[in-house]
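Which chain is which? They are A, B, C, D and E, in the order written, and residues in each are numbered from 1.
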């Protein structure tokens, strides 16, 4: 039997989150004896470029397509020829809009990913534990308009609604230096600020540095669980981060592909693990990086057995 | 030696007329021919290399997909060409596409029907271009500053209008536009072809075109000859905005939703296509086919590299190298 | 010298005209007029303000003060387009050529020949090329090709094209700012013959020149500018080269 | 009227010498004064408005933070100024900063010590600038195409070198550089001030500076006078690369890690600062203080808006409007 | 007419020189020389190739074929910088001014005065301004200000600055391409006096001009170009205006 050929397309590789995802895809593929080609958009704003690349890959003979779209619909048309060839489509990380997919005449075989709103809420709950009720907090978002950033911010806001005072939301474009500058400014404007929530870890690390420089005791919570953030949490700098496991999402995607190629029935929705990391469990997480600190439920692994 | 022995009346051996360009050899030896057709040379080179390395590249399906993918960039490059020909630059082009898309999405979502939505989209982006031109000419502010300002301003406007959320556009008309085809080519490709033809006629067969080039070449002299250089500039920006509107419709049709996100590579690529197409950033020289083919070349590059499964890490390096090489080869012909 | 009663037959006249750029006064309170059907010369030292005066008369600059009357109408135009439409063609000192356009395109700039098809007007490039060739040959001007960009032409070739453009379109008034400065002997003779022919066709001409012989040969009335003022005016037939030198240098 | 009555020997009433620029009134009436100092006018305006709206803005701590945040952009704007003065543009500037940072991080991580890392970082970016200049002049390719190509190429190179991962740089030297201060100002601010002073001297008090402006003004004439315009251009790009290296060190010091991420707003802002500083994109005119103050203005804008808690959605709109307004006000003086 | 034995006292000589641009031949197989300490004129119609010849001689263009000897050395320089260092200053027909620089900066371009402080050389702007002022006044050239950008100067003012630059720095050979085309009567007289003074100081001069009277007044030897060839050469003292016209037009 030939090894299954998998085409994967992820968002921009200018962010470690997606590099880890790529790592997961490639290493799982090696372990499972699957042939994989990973492509990525030029950057996180390159919605059409991502579609163009998928279009090119759709022309080639792959057995399964693993897609992480930049927006809910930018890959829909590029997937039409894939669906016509009756190849399975595995959607990871960011969702493809179901209605659009239906209009275009296909459904995704499965969706594997973490719920960004839930992850944001997890961060919000942790913040509630850390600071007194009614404290002022500030939010640092990614590129304005980014869906993931919006969802994470939304989850955090929902969790702290009425309990904390969100004084400002700035956008730092996923950039560490911009987050640092913005946090410095916010600390100047709100000397009594108690906490920051940042929509990803890179920006959280920049915020943390600003807090350190100011010498104040301000909590900083990030989201993603990249290795630098885990190190920072372990060192007692960053307060906490909500770890998502892009490695696992990628790896599960490959498993799903393998299962689909074998003709197995896939569950429509596979939740990927999310974990809050603070000083208590940071060391353990670091040791296992990029895999989670402990075991996690993986229905797909069961399926392949 | 006093009087020369060579006194035969050689009528104009210096600066002899060169109008008889009929012979192909003369054409191929003329450096300006190569400069004008550099993007073609680059495109043909790419097609040959990719075609040999990966036969799928030359499959009809891939060529169709390639053209489809290039349509948006072609339309944008045409808009950019008009502005660059006046020795300006429109940095707000990609942002205008975003704004047009958002307006299209919102108007459609509000239930006004897709046609009204499309018309309003194009009107809004054209108005934006008009506004750009007006500020540049009336305020005498450099193009770069104004369009950088509107780039930033529109980003904000798009976000505020859309609340930062993407709007789904589930119109059958747009779906057909994106996926239907007439003859061997998809509708978006026909739109791009139409844009090329109309722009070519406007540039080369209308008074406006000559005035555009004159304004870009030497605005002061053009003004002294009675050309309303300010009006010409405003018109160029308005055309650029119009093209952004058309591109926005194609974009929404292609990705099925209107998102308040700016695709900066569209902006840089639109300018790169224009320059690869042999249009001087200092104005006064322009071409429509050149930029269109430049846009095609840039799209083919990404397509070919993807087909060759070049890793995403290596793609930017390859693109950069090839862009410089293309320019290098084309200039060495001169 | 402000109040000047215009000749009843003045094609163009100005009064109390002033223009300055930032801190630099180009000229102040200038009165000037050119008779219909005559060749009127303006002479003066470098920097005297001749070109700026010309540019004010043909709408390129808006004067700071003063009035202009052209062909009986006051404030006849506010920009060069208006001036060309009203019937004034100009050979600017800087030639006002567009380097990147071809000889033919330069000759017909803002005067393009078009063919109308329905509501659309398309350039008639063939006709323009044909016309351009005949315009150039009438002046016996030699350029390598009508399709060549003017950037690389020699100084004299460029000037010839600018002259050709100005006289080619049947204007009422042709203004020439040092038209023969870069021209050879033959070409200069051609242009002088051309100016005489214009006068015969009762086209009015304003000529700025540093060549006093030429001025005396060609013109009917001579105006002298000195350091931003209109210093004097004389009939060409009643003056001598020495008097002109004296007027220009202020020794008179 | 025959001879004029006004024959008094008015030596040079036309074009009267204007060299005595001593009086302040004359200075304020001179449009070129306003054009040259537009960024100052804009900066002062912003400071007054923000100072009134939010007193924290004028606090010493905030002003210190503002200067610190501006240092990187100031250094980059200076580099960009040299290139723009030759009528070029360096689109690879922000990418060069990224590459410098990545090299710094990797060399340091490999255990070679922070000084060697910094030196190699600056050498690499300078070499990159040199390479840009060489291709532009030797290949006669437009600046825009070459630097766009290297922008893309460096993006890839940075990704490949770093494996796409950020590298922590935990050097005490850099930490001190970032957070230490001498007198009231942080070290990065002093670095920026030093850069401004050196660049000002190079531009206004050296032969190179005059040759740079001549090359940017009319390269052909400059060449006819024996100026080696190609060498001047290469030097300008090398300086730009050098500045990118310094900026990279400041950046790594500031954020404590080297990331393979390009900050495109650094690029656009560097050009915006240059243009707001009164430097013509068509070359031949330059200033160092202007762009430095332009950079300060752009940083103050974001700082002030954040202090005023303007929502992220509204910030781009505000920035765009104010950039255009600043330019508009400055031009209307003319 | 290829083989020309150079005068033993030629400051510059060329032989078999040709230059074409793309399809346009500017001149072919030209032999030319200028005697040391003399004023050598080059005349010819517009487009005859005079300026291009000049530009080849002073290193701006590299000729396609032929040899150049300057001051006894063959292939003396390969670029304008070399030519200036070897002692040739040129007034180009397009003046070669940098519009955005000031009058003083233009006058000292690539010849800047510096003060050395250790290894560094700083511009001595004060000295340059002082020198510039005295250079201009020696030629009695009037410009509004030494600190003004040259963009806005009048045509004659610009030309005067270019001449001033060429004669200001003690060259062995000064080449002038139509130096008085835009100048007024007084200024032209000044430049002519200047050329005579140069000759008295035994500086060699090459002069391109369309003004035959001027050429006969000033020069010792006259070379005639016609349609890209060197058609003739005569001593100025042995010729007449009519002969020159005949040589230029090819009627001789």
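Criterion: a residue touches a chain if its C-beta (ideal position, glycine included) is under 8 Å from a C-beta of that chain, and two chains touch if they have at least 3 such contacts.
Treat the numbers as computed from the prediction; the structure is a model and nothing was measured.
> Spell out the chains that contact chain C while also contacting chain D.
B, E
> Counting C-beta pairs in contact, pick out the pair of chains that comes out on top.
B-D
> Between chain B and chain C, tell me the centre distance in angstrom, where each centre is the average of that chain's C-alpha atoms.
Centres of chain B and chain C (C-alpha means) sit 40 Å apart.
> Whole-Å distance, chain B centre to chain E centre, using C-alpha means?
Computed from C-alpha means, the inter-chain centre distance equals 45 Å.
> Measuring from the mean C-alpha position of chain C to the mean C-alpha position of chain E, what distance in angstrom results?
One centre to the other, that is 29 Å.
> Can you compute the centre-to-centre distance for chain A and chain D, using the mean CA position of each chain? Integer Å is fine.
Distance between chain centres: 36 Å.
> Of all residues in chain E, which are in touch with two or more distinct other chains?
Within chain E, the residues that touch at least two other chains are 24, 47-48, 94, 142-144, 148.
> Multi-chain contacts in chain B: which residues touch at least two other chains?
12, 15-16, 18, 155, 159, 164, 264, 280, 313, 315-316
> Going through chain A residue by residue, note those that touch at least 2 other chains and give them in order.
13, 144
> Any idea which chain A residues touch chain D in the complex?
Touch list, chain A to chain D: 13-16, 19, 141, 144, 167-171, 173-178, 180-182, 184-186, 188-189, 202, 205-206, 209, 213, 227-228, 231.
> Using the touch rule from the top, collect the residues of chain E that touch chain C in their complex.
Counting only chain E, the residues touching chain C are 21, 24, 44-48, 51, 93-94, 142-144, 148, 152-157, 160, 178, 181-188, 210, 212, 245, 248-249.
> What residues of chain E sit close enough to touch chain D in their complex?
Touch list, chain E to chain D: 55, 60, 79-85, 90, 92, 94-101, 105, 109-110, 112, 114, 120-123, 125, 142-148.
> Give every residue of chain D touching chain A within the complex, in rising order.
Checking each residue of chain D against chain A gives 54, 56, 59, 61-62, 65, 69, 72, 159, 163-166, 168, 179, 251, 254-257, 259-263, 265, 299, 302-303, 306-309, 311-313, 315-316.
> Under the stated contact criterion, what part of chain A meets chain B in this complex?
My answer: residues 13, 37-40, 42-43, 45-49, 51-53, 55-57, 59-60, 71-74, 76-77, 80-81, 97, 99-100, 103-104, 143-147, 150.
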